[in-house]
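First, the structure itself, so that you have it in front of you.
Chain IDs A, B, C and D follow the sequence of writing; residue 1 opens each chain.
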Amino acid sequence: MSGTLDRRWIYLGMMLAVALPILWNGVTGKTFPESPTPPSQACFDAIEALPEGSRVLMSFDYDPASEGELSPMATSLMRHLMHKRLKPVVIALWPLGPTKAEETIANVIKGDFPDRVSGKDFVNLGFQTGGEGVLKVIGTDFRKQFPLDRSGTPVDRLPIMEGITKVGDFPLVITISAGYPGGKEWVQYVSSANPGLVLLAGVTGVQASQIYSYYPGQLRGMLAAIKGAAEYEALVSAAIDGDRVTPPLYTEARRRMAPQLFGHLLLIALIIIGNAVYFSQRGRKAVAQ
Amino acid sequence: MSDAIMNEASPQQGKWWIGLFLAIAVLVAIRASIGEGMGRAYVQTDSTSYSSATGDDGRVMWTAVADGTAGSVTIERVLFASAGEYRAAEAATPGQQAIRISWDRTLGLWLAAFFTLAIFSFLMGDNPAYKFTESIVIGVSAGYWMVVGFWAMLVPKLVAQLAPSMVKAWCMPNLDVSAFNPVALIPLGLGIMLLSQLTPLGRHIGRWPLAFVIGTFAGLKMISHVESDIIEQARATMIPLVAFGDDGSFAPWDSVRNILIVGGVLCTLAYFVFSVEHKGAVGRAARVGVWFLMITFGSAFGFTVMGRIALLAARFEFLFIDWLWLIDPKGQRMVATVSAIAGSCSAILNAI
Amino acid sequence: MVLGADASFLNPDKLLLLVVLVATCACIIASMVLARAGRVPKIRRIAGLEAVEEAVGRATEMGRPILFVPGIQDMDNPMTVAGITVLSRVAGTAAQYDATLDVPVSRSLVMQAARESVQAAALQAGQPDWFDPERVRYITDEQFGYAAYAAGAMARDKPAACFYMGCFFAESLILAENGNAVGAIQIAGTAETAQLPFFVASCDYTLIGEEFFAASAYLSGAPDQLGTLRGQDIAKALIALVLVGGVVMATVKVFTPKSDRAPTAEMAP
Amino acid sequence: MSRSIALLICLLGGLTMLVSPFLPMATEWSNEVTDWFNILAAMAFVLGGGSLLKVQLMRLSARGPGWGYSAVTLLAFIVTLWVGLGKVGVVADPSAPTVAWSGKPDDEGSAFWWIYLYVMTPITSTLFAVLAFYVASAAFRAFRAKNLEATLLLGTAFVILLGRTFAGVVLTGWLPDWASGLRLENLAVTIMDVFNTAGNRAIIIGIALGVAATGIRLLIGLDRSYLGGDA
């Protein structure tokens, strides 16, 4: 039945549905308004609730393949943490995570909060192989897995790490994850084992439905896909920029919502056409019989 | 030579593809000649001097100092600069060298654009550009993971445990381990057994490390799944069927929600029953369970579509923003290219 | 995993886990022992598994290869192990029919296990010469590098049957759509819930979650393996019972402290 | 004999893991063993690399159709390995400027970084992005309202697709507040919160049981196909 339409037409349609809004957006600079859903609002509130100077563990569990969805989240989260004068301790369970973390640090901290000092106000402890094994170990001994920061300084000498021996010592943990190991493993090994700890997750669309079953119990808040990123971006912008114009770095997710809309509309149109064809053919067959 | 790139002889298709690639090349050439051009990468050199001091614990600490400090060591790094920064620097001092074009990164950018288009071309059918890209990615990624495994795992976790002073002097000056750790011999032994497979004698002992991995992780996963998936998920489902709001009033909607969740979990579990035919009560429950499964899959599908479109948008952004310089939402360049293109078009039209 | 201040012999925080774990294992092991003693359960039909033979047969008739992907994760993942077990059954059938079986893998440990399993299956089928170790080969650990290979190979080799049994992530749809484009009969099995919708949409049969883990026992047909399936069902029934008990208690609890609350008809969206 | 030892290793490894959460003194074992696996996995790359070399060299020497691609793969593999292991273009780390090898292989400016940024990243992320096209063709082909089950699947996808963009706001934003639960964006949340939660929970519990049963079958040696089956 699908033979009636060469799938390449569908591909062409999708290409135009995504490419044209990007160009339109690039020329006009317009974005759609966002109203936050509860899981995104919960993320925002959890960070707002922390007292100034609290240390937050932030894990970059993704790589370039998913940065389209996750980098805007990381950027907004980092901006929010910095604005609230919280201290992120950055780690990664994916080998390419630290590079993404460095990018976020360079864009947000070095660009907009140049007074913050590495080792005191934030730190990147880099990547550790072992996936969920790492999570298991940091449950009891954080420094065993992350003995040095990314520039090689032992964590014992970093003021930001003072008194932190296990993952439970952080009041808040954020994972930005694209798959395995990621949100699910953080829930399994960290959130379940440390009842007092607050876990937030930024996840890709594909993980969202699975991770949803942990919210709001084992997972206090979540940012689901680019929509979650856009909502969070809007929340943070409203809190920090107010009426001023938000710098383009912090509108990335909202800019991506226009291609999103047209992509979705195309898909819906395709489903409707597919069904219309199906039912008309079925009707014809029934008449023929 | 053609058999080196053709898997099967199909000259007709080959011509079609060459035509397509040529057309793209012409379009790109036209684009490159309009306005400020396209696809260049700029860099600047960051040079920092470091000077050493010995701390209380006897460790040598290096700190950044002003250039030219006596006894300091200078490290030069080449870092990205944006086209806008380059233009600004050129406007201030023409011919300056602080910010300059990087030919290797420009080449990389064009290569990246080629690979992007080559992968997209697979949607229209298998073709030499895709096959070339496929061969590249297989080779590069296999090598990539070997390198990552070596520097991120073997050196710090194995070699550094066995020969700490050597590793410290060679590549990990901040290594904390100081003594030989005999426990590291166990994974080394398992690894050697594994690699012994490459020799004809080693087939039998090659199974042992495999058995070790499978056994330990079977145990580990049993624990984690029972703990987080059975206990926690069951606990999360033990909710009252009748719910009241905070003010003590009956909350019918929350009650319906709770009843649906509990009922849905039980019915879907019934679908997974194997040793009873799906007839009678079990069959009816399983049928409802399938409905829940379908809704679950539908929602997962919808959410995933979001993610995939965002990724596609990111790739188009790479092509439009970083390579073709068509739009500039981040304000990294100084001239709006679309208006430049419009200007060029009107100039061409006027000329005609 | 938190160490108590008093390093007692048994960690008290984990008592519940211990009870549930022992109960689950007891159900499974007891059913297995019973099955061995002759009380073999009758297992319901699982559509995807009945189609295995049909798919292999079709590939043989058409003279086109069979593609088997045991997921893209390593042997530490139970799904990969389950996939390798299914592979041994598929390989056995393929060896009998003398069909070509391609097994590209993305981890070298998986390659080793898959070679062992395919070779043993060929031996058991009485076709030791059918096994060619180069048909079970390592491609790359990189998820999309692997997907690029698989998509290209499908377009060129046009397999008649594709099996995807193991742990899959985003590449699931790349595999399934390309398989569909070359008209292969496709059977998938995974417990990676996020990928199930794509397999359901693009494959002919999909083993969902627990069904996939049951596949190896089901295909083996051995009484003790089938027994473990009944064990799973008993454990499931126990969980359901506890769940219902918990729900009843939670509901009763709502009424006990303030039983004078009058229900109202307000809609709280 | 070798198989019996393997089964014993499998059983002992599994039992260690099974008791470790309950015995405080055993917590360390499981951490140690996890490290071992990672080392083993890193060493296994050599096995994979060997297999890759062998297959590609065989193709190259046979000069069959497409042999040029084998040469490309081999070259890409060797170059990546060489620049990565040799840290070509890597400058020393600021924490130890005098130790030439102290930099990270993927530091900005190194050859390995260049390969990562300009070869790996565009190819892998474009392959990922191609899924947007496949999703569209799969939805067009497979989402037919043939029966109740299929209708539920496509109906849910419909609501989520609309509810998660601005289209949802436009289409149903006019609904009065007392019916706001029916607005598409809220309907999408309800589906996730209620139906998706229930469905996923049951799947997750089922999988956990499947994993437990598979674990037992492996530990007691009932399932040993990875060792070469029952033969």
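Following the convention adopted for this analysis, contacts are C-beta pairs under 8 Å (C-beta built on N, C-alpha and C of every residue); 3 or more make two chains touch, one makes a residue touch a chain.
Note that this is a predicted model, so its numbers are computed, not measured.
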Find the chain most remote from chain A, comparing centres computed as mean CA coordinates. C
Chain with the smallest distance from its CA centroid to the overall CA centroid? D
Where the CA atoms of chain A average out and where those of chain C average out, how many Å apart are those spots? 29
Determine the centre-to-centre distance between chain A and chain D, using the mean Cα coordinates as centres, and give it in whole Å. 17
From the C-alpha centre of chain A to that of chain B, how far is it in Å? 13
Chain B touches at least 2 other chains through residues 7-8, 119, 122-123, 131, 133-134, 137-138, 140-142, 144-145, 148-149, 152-153, 157, 172-174, 194, 197, 207, 210, 213-214, 217-218, 221-223, 226-227, 229-230, 233-234, 236-237, 253, 262, 265-266, 269, 272, 293, 296-301, 303-306, 308-309, 311-312, 314-315
If I count partner chains per residue in chain C, which residues reach a count of at least 2? 1, 3, 17, 21, 24, 74-76, 78, 81, 109, 112-113, 116, 138-145, 148, 170, 193-194, 196-198, 200-201, 208-210, 214, 229, 232, 236, 239, 267, 269
Would you pick out the residues of chain A that each touch at least 2 other chains? 7, 11, 14, 18, 65-68, 129, 136, 140, 152-153, 206, 208-210, 213, 225, 227, 260, 263-264, 267
How would one label the connectivity among the chains shown: line, ring, star, complete, or other? complete
Chain C residues touching chain B in their complex are 16-17, 20-21, 24, 41-44, 46, 74-78, 81, 109, 112-113, 116, 138-142, 144-145, 148-149, 151-152, 155-156, 193-194, 196-198, 200-201, 208-211, 214, 218, 229-230, 232-233, 236, 239-240, 242-244, 246-247, 249-251, 253-255, 258, 261-269
Using the touch definition from the top, list the residues of chain A that touch chain D in their complex. 1-2, 5, 7, 10-11, 13-15, 18, 32-33, 35, 37-38, 63-68, 96, 99, 129-130, 133, 136-137, 140-141, 144, 150-153, 208-210, 212-213, 225, 227, 257, 260-261, 263-268, 270-271, 273-275, 278-279
What does chain A use to touch chain C in their complex? 7, 65, 136, 139-140, 168, 179-180, 193-194, 206-207, 209-210
Give the list of chain D residues in touch with chain A in this complex. 27, 30-31, 34-35, 37-38, 41-42, 93-96, 102, 104, 106, 116, 120-121, 124-125, 127-129, 132-133, 135-137, 139-141, 143-146, 154, 157-158, 161-162, 164-167, 169, 185, 189, 192-193, 196-197, 200-201, 204
Contacting residues of chain C [partner chain D, same complex]: 1, 3-4, 7-11, 14, 17-18, 21, 24-25, 28-29, 32, 74-76, 78, 81-82, 84-85, 87-88, 107-109, 111-113, 116-117, 119-121, 123-124, 134, 137-145, 147-148, 170, 173-174, 176-177, 180, 191, 193, 196-198, 200-202, 208-210, 212-214, 216-217, 222, 224-225, 228-229, 231-232, 235-236, 239, 267, 269
